[in-house]
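Here chain A shows up in two complexes: once beside chain B, once beside chain C.
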Partner chain A sequence: MFIIYKNLRSLWHCGWILILLIPFCTWCFASTQAKIAVIFSSDIDPYQQSFKGFKAFFAEESTNSLVSEYYLERQPPGLIIRQILTENPNLVLAIGPQATMLADKEINKIPLIFSMILSYREFNNSNFTGVYLDVPARIKLEYIKKILPDTERIGVIYSSTSDPVFNKILIECNEMKYKLISRKVNSGKEFKDAFKDISEVIDSFLMIPDTRVYFSQSVKYLLLEGIRKKLPVIGLSSSYTKAGAFASLESDYYESGKKAGTIALRIINGTKPISIEPIEPIEPDHIKLSINLLVAERLGILIPSHIIEESSEVFGK
Partner chain B sequence: MYLKYYKKHNMRNIIKNLGMIIILVMGACSALWAETSDLKTEIMPEDLFFMHIPTVITAAKKEQKQSDTTAATFVITSEDIRRSGARTIPDLLRMVPGIQVARMDANKWAITSRGFNGRFANKLLVMIDGRSVYTPAFSGVIWEVKDTLLEDIDRIEVVRGPGGTLWGANAVNGVINIITKKATETQGSLVTTGIGTEEQGFGGARYGGKIGGNLSYRAYAKYFNRDNTETAGGTEGHDDWRMGRGGFRVDWDKGENDKLTFQGDYYDGTAGQRVTVPDLSTASLSSRIDGNIDLSGGNLLFRWNRTLSEDSDLSLQFYYDRTERSEFVIEEIRDTFDIDFHHRFHLPLNNEILWGAKFRFTTDDIRGSNTLSVSETSREDPFFSAFVQDEITLIPDKLYFTLGSKIEHNNYTGIEVQPSSRILYTPNTKNTVWGAISRAVRTPSRLEHTIRLDKESIAPGTLFPGSPATLGVIIGDNNFDSEVLTAFEIGYRTQPTNHLSFDAAAFYNLYYDLLTIESGTPLPDLTIPISVRNKMNGASYGVELAARWQALEWWNIKGSYSYMDMQLHTEGDSNDTITEDGFEDDIPNHQFSIRSMMDLPGNLELDSWIRYVDSVPSVNVDSYITLDARLGWNPTEKIELSIVGKNLLEKRHKEYGPSSIINTQTTGIERSVYASITWRH
Partner chain C sequence: MILGINRKVILLTFSIILVFGFALGYYIIRYQTRILKLELDERINVLMDNLSTISEYPVLIRDKESITRLTKGVMSQKDIVFCRVEDMSGDFFYEESSEDAGPVSKHSTTIVVKNYIEGIDEDLILGTSKEVTEIIGMIHLGVSHSSLNRKLHNVKMVMAVTIIITIFTTCLTIYILLKRILGRPIYQLVKATENISKGNLKNKVPIGSKDEIGVLAASFNRMIDNLLETTVSKDYVENILNNMRESLLVISPSGLISTVNQNILELLGYTEDEIVNKPVDMIFEEAKDFIKWRDDVSLAKRATIRNRETFYITKDSNKIPVLFSASVMLDPEGSIQGIICVAVDITERKRSESRMQDSLREKEVLLKEVHHRVKNNLQVVISLLSLQSQYVKDQNAIQMLQECQDRVNSIAIIHEKIYHSKDLSKIKLKEYVEDLANNLFVSYKISTGKVRLKLDIENISLGIDTSIPCGLIINELMSNSLKYAFPGNRAGEVEIIIHKMSNGEIGFIFSDNGIGLSDMIDFKDSPGFGFRMIVDLVEFKLMGEIKQIQDKGTKFEIRFKEIV
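On to the complex of A and B.
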């Protein structure tokens, strides 16, 4: 009787121990799952596409991950940082410039991955690596050679804000034997005159990301004048191609997210961010070419059919 | 005693104004605080990749038409507005050749295009974002309530000459379209405030943001208080003016092809005026009344633009507008509902068709006074119209021919037809020649059909020896018909170098059935009935020139000159001896304007504006030259400080005479200075 009682009591104790162990086990199990905090600069479609690519990569790799999403549009930055620091994730993925700047400034001890930002941005934090948004100058010039073989002189308008981008284009143009005709402006107000100055002596025009130079009016002016002066304009993204640019080269956002996923996995597996080189969109599957056939027709440019087939988006069919 | 009262009253005004400005600035500052704590609204270079770019490839021809239009056009840009130092929309219009802008007192203007000026100049159609602000009560524009935050104006497009085919009745001698910026272009915060000798305090604030990726919004508020001007004798003109205004705009890019806009404004304020009315009971046969006009109103507008294909689109617009105006002589409440549809598409053989239809319903409640009354205190007027226009490309990129007509029906004159034909030739990218023949009509106003106005006192003995003091009374007449114009225009634009461009236009206008006032036989009640009739014809002609010269990289010069003259003649059976000379002598034959805009080192801007306006004999205005100057400094990208001096060459000058309907006192426009600060973030 006593033995039965003793066994029952032991069972009772064991049950309690098991109950107490459940949270511990859950914690242990959870600790094997990677915790990732994602900060979005905003809730726009390109960022969501990139995030989809990121998640798709983890799904393909069958890697367990617990993802928390934070949107700068919805919560104050300070609160987001406090929540992330409390959560203490394995890494933080910052999508877009505002999220990246915030993470760079406020998060020091957690590995950081940036995504959808320009390659000339500089960071204070050495715990940072990621995927750039802009297609490198060399790749753009190679495409220009392919789709506009008659181009010898390329026009660029830039300001002090985009000096680093311009310098890269200058170096690449010299190497590829293009003549770069450029005008440096202090603001968008000077754009029209700068463009008028160079438009007669260039064969095509290359846009670079610079908010001092480009805004809705200057873009509209450029696209219209480009058509009028029979100058092919290489835009920043397919929106520009659709609107009236001859062609654009841009990063594939979904693919960009997958590349960020590869970096995340390496970090989860123990690689330090500092030893991972940021990724630029250079591989063909990471780059999207869009062309506008209606513009090409207006400019009198015949685009070979293989280029049309290669293009991710074709407007004005 | 009066001085004590004045000082006390003035101090109270200053405190009230400061209070308003502080409230505006606090509101804006709280918006700024909210933004600085929120990184998301800062525009980054990366955002350029995701920017929605309006398609220009389909608009290329249209855009070409804006710069190479088949009409005498002039565009006032947002940069022109910023650097002009002007604080009102009417003052901005002074830079347009062929437009006559005359300030009557602190709060009233007479503005017209190509003649027939007056406080309610009736041959100029004005719109704000596609909403007509032309009042059918007086046939004209009540400029004292036409305002918005000037920083939010994208451009003001001015077309001199008829625009009836597209815009309908009353676009006889010109169309002004004030176009505000899209909400996407006014993101972030703006606070502006200033004070000066005539501008006794003004302030404005705007905040713009985004919800999601495609919906942008802005809201603004502004307030100003302007001092009395002075009469020729140096006394206060009782025309001080204060007004508050607020509004919003929401732009939603719904998908690739649909754009929705919803916007609205509300305003409330008072404007002083001194009115002289005929009064046979006084020795002077007139009474002078100092009073305020209470002005309030609001509007809501909804617009849907849909791109159907690369060369086809449509637009549907609806707006509701309410105006309330109360003064000693007249009180008016007016509600207007307007729905407007446009569709553009291409047909084979290079035909671009633009057609549309409009329905407008306006209802009013007009209460008169002893001086002015109306036969119907309340009235409802529906209005229908439809138009079609075909732009035919005869030689691609070189020769275009446009033919079209508008047909409309109104309650006063029935059906009106306004056809036009235009031709545009661009031999190369630097030269454009155009010509046009158009017909346009000015339909009668509500008051021209229903008014009874004590117009003037006729002194004893004037009509015949021993005649008693008599009252001339204008009586509206349902038989008064539309005034008609047939206009012949030619124009030439050239851009010899990238830094120099010229625009010239010449016109010859033939007018028929113009308004005359016909005196009747004196009645036993000591009144002379004066009726409105269409018994005058005539012609006007002139040239208008505009030039732009980028003299140096940092120095931009813009100039304009206009000349016009007019010959009118009344019909044989007319006894009107006033109107013919009145309009012929109401034109400043010569006007010129030169604006200089200099970008100096240290982020300084030095702008000056000289204008010459010829004499206007009908209202005893001598020719005058004015000089405005502005010194601006941008210590940082976000802050702009300005000091502006206006009418610097003389203490005061007169620009116009009393109104023909309500006999308001006109005053001298004084020399003034103001300082302002603007903060953009």
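On to the complex of A and C.
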């Protein structure tokens, strides 16, 4: 009886100790939870997929994080910045070009991670690192070599706004022994003439992100003329493949988000952003290949079955 | 020109259908015009949209060859007579017009290109770039309306023909239906009405349907039946009025003669036109009564004249005696509608009455003469008995002769009274009894100082059959009293009371205060002739009752009824 009474008293004391320890444990836990502010350029599906990848990475790593979401299309940019500065998070994740530009301009002391932007952009903030969206030129050329082994001359039409991209392609083509036949135009109005000039002397055409050159009419013309002249067009994303491009290479948004998560974890663990190189989609998991079998058939191109199996999206089955 | 119902309905239907047809036609043509224009516009819009879309890039890059190819394709489209493609600077790339004449509408649209906003190339990949539009040129199309107008013309022709056919068919159908449904029954009704107006109530309208026309025909037949009944009744009544023996006269509330029958016309010698609507006092002296009735409705409602003898005045101003009756005729609201006067010519009756009066007077004279002669003869008898008594020595015989004289005298007095009376059938009892009593007092030489006569007689008149027995009874009773009740110098009183009793009987009390009758003798068993005669006269002649009342003197009470 005495033993039971003694045990009960011990249990009573243990309960009190646990109750007193709860606030302490909570403080300790809170002190290790990372606060992350996420700025969205807009609430579109690609950005949400990227954000899902980001969160999935944190979940896989069992890292506690307190995430605050801000949307540029819902709140004024100045208000978002003030709230973020007040919140003082461990890092800021900017998804999309608008969010990235805002963060680069307004936030200095907080580590920044960009995602869902093309490569080769210069930032003012040295506290910035992130994940590029555009597949590197080399990867693209390697894929062209794989799916279009007969290609020797690659055509590119660009403007001054896409000079950096063009230069990268030019370098890589030289390295990979491709002959790059290009035309520089000032606007889309010159696209037809430029395309007419090169279409007869190229084996395939590579689109580069340039809104001055590519718009609805020029893209429509390019895709139609490409089919007519049996020129495979490598598009910018699966939308172009679906619309009539032969194939497209693009970054996997989910994987891109996960890559941003790896950078974020490193920053949370104390690594300086400046010491973290931006990540380009070079890994196979990070790249999505989409092909259009109907266009391929019209062009008379036989695509190996393993390529089809590797493709993330196949149209015109 | 008189239009029948059929033609009126046809005309109305024609007008309605014409108006309705024109309205409908106008609406349909407008609708068709709108539809055709919409179709044309839609076709042109689609064509222009396609042309605009297709020519975006050729215009952008000023590819005249492509534009020419496109425009030629457009020009081959139906109704397109003009096509012009130009850029925003006004330079046109292509212009062509056909020689198709006629009305042309111009349609224009812009050639628009979409550009991405430069600078954010990620949106180009993601497909989220905001597009801006730029008008780079215009397309003008000329559309001919010739085919549209041809179609509209065809529609108008079809509509006109349809309306004409519809009007013709509808009017024909309605005409046939009306002729069958309305025309025939109405014609029959009209015929029946004409027959009625001619007094022919035998033809009826055939009931062919159960609709309103059928109901109308049935009502019309009922009306004919009722008319038949009421018309017959009117003839019947008029026949009665004209054949009745009495004179009928209806006076209006204003005092004018409104209706007369044939009898009064014949009676007074007027024609109907001469008497109708003339004042009633023209033929009737007592018309003032009717004026009172006219002024006082309540009096009129109560007042009637029954069998008043009065006079009608003939056209020749002669008076005709009539037995006149009148009563007020009220309408259902209680107002005086007229005064109905019925009179019977009593001229003949009056003449008969006059003759009868004359005859009666003659007979009365004769009867009086008879009574006078009877009375004279009875006086002769009395005189003879008196003369005879002078030659008789025996006192009893003398007394018997005297009594006979008194008895005969009592009868003679009656005849004398009748002779002097105006009424030959009745005798005033009081006068008769007074005369009879006085004669007896004289006959028995009784002075009124010794025996006083007291009479209490009601003024009763009796017939001669009752008066004679009654006088004989009084004669006998009074003779007995005067002879025996007051012997020597005994004075007394004789009283006669005669009254009519409540039961109609005549009560007669005779009394004296003389010595009275012997108690040993019942007067009914008396051997004397006088009492025997009294009892016989009371009980067998007058069928009455006599009884002796025990009192001082002698007292008899007699009750009898007058012999009718």
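Basically, the second predicted complex is superposed on the first by the 288 of 317 C-alpha atoms of A that agree within 3 Å, B and C clash if a C-alpha of one lies under 4 Å from a C-alpha of the other, contacts with A are read in each partner's own complex, and residues count from 1 in each chain.
Just so it is clear, a residue touches a chain if its C-beta (ideal position, glycine included) is under 8 Å from a C-beta of that chain, and two chains touch if they have at least 3 such contacts.
Note that the coordinates shown come from a computational prediction; the quantities given were computed from them, not determined experimentally.
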Fit or clash - chain C, chain B, common chain A: clash
First (chain B), second (chain C), both or neither touched by A:Gly188: second
Touching partner for A:Ile307 - first (chain B), second (chain C), both, neither: neither
Touched partner set for A:Pro97, first chain B, second chain C, both or neither: both
First, second, both or neither for A:Arg228, with chain B first and chain C second: first
Touching partner for A:Leu118 - first (chain B), second (chain C), both, neither: both
Chain A residues touched - chain C or chain B, whichever exceeds: B
Partner chain(s) touched by A:Lys220 [first = chain B, second = chain C, both, neither]: both
Clashing chain B stretch [against chain C; choices 19-27, 109-117 or 217-225]: 109-117
Touching both chain B and chain C, residues of chain A: 42, 44, 46, 96-98, 116-118, 133, 161-162, 189, 193, 209-211, 214-216, 220, 236-237, 239, 250
Chain A contact footprint on chain C (complex, rising order): 56-57, 60-61, 63, 113-129, 131
Chain C contact footprint on chain A (complex, rising order): 42, 44, 46, 96-98, 116-118, 133-134, 161-162, 188-193, 209-212, 214-218, 220-221, 236-237, 239, 250
Contact set on chain B toward chain A in their complex: 37-40, 42-57, 59-60, 63-64, 79, 182, 184-185, 210, 212-213, 256, 310, 429, 498-499, 550, 553
In the complex, chain A residues that touch chain B: 41-46, 72-73, 76-78, 96-98, 101-102, 116-118, 133, 161-162, 189, 193, 196-197, 209-211, 214-216, 219-220, 223-224, 227-229, 236-237, 239-240, 242-244, 250, 292, 294-295, 298, 316
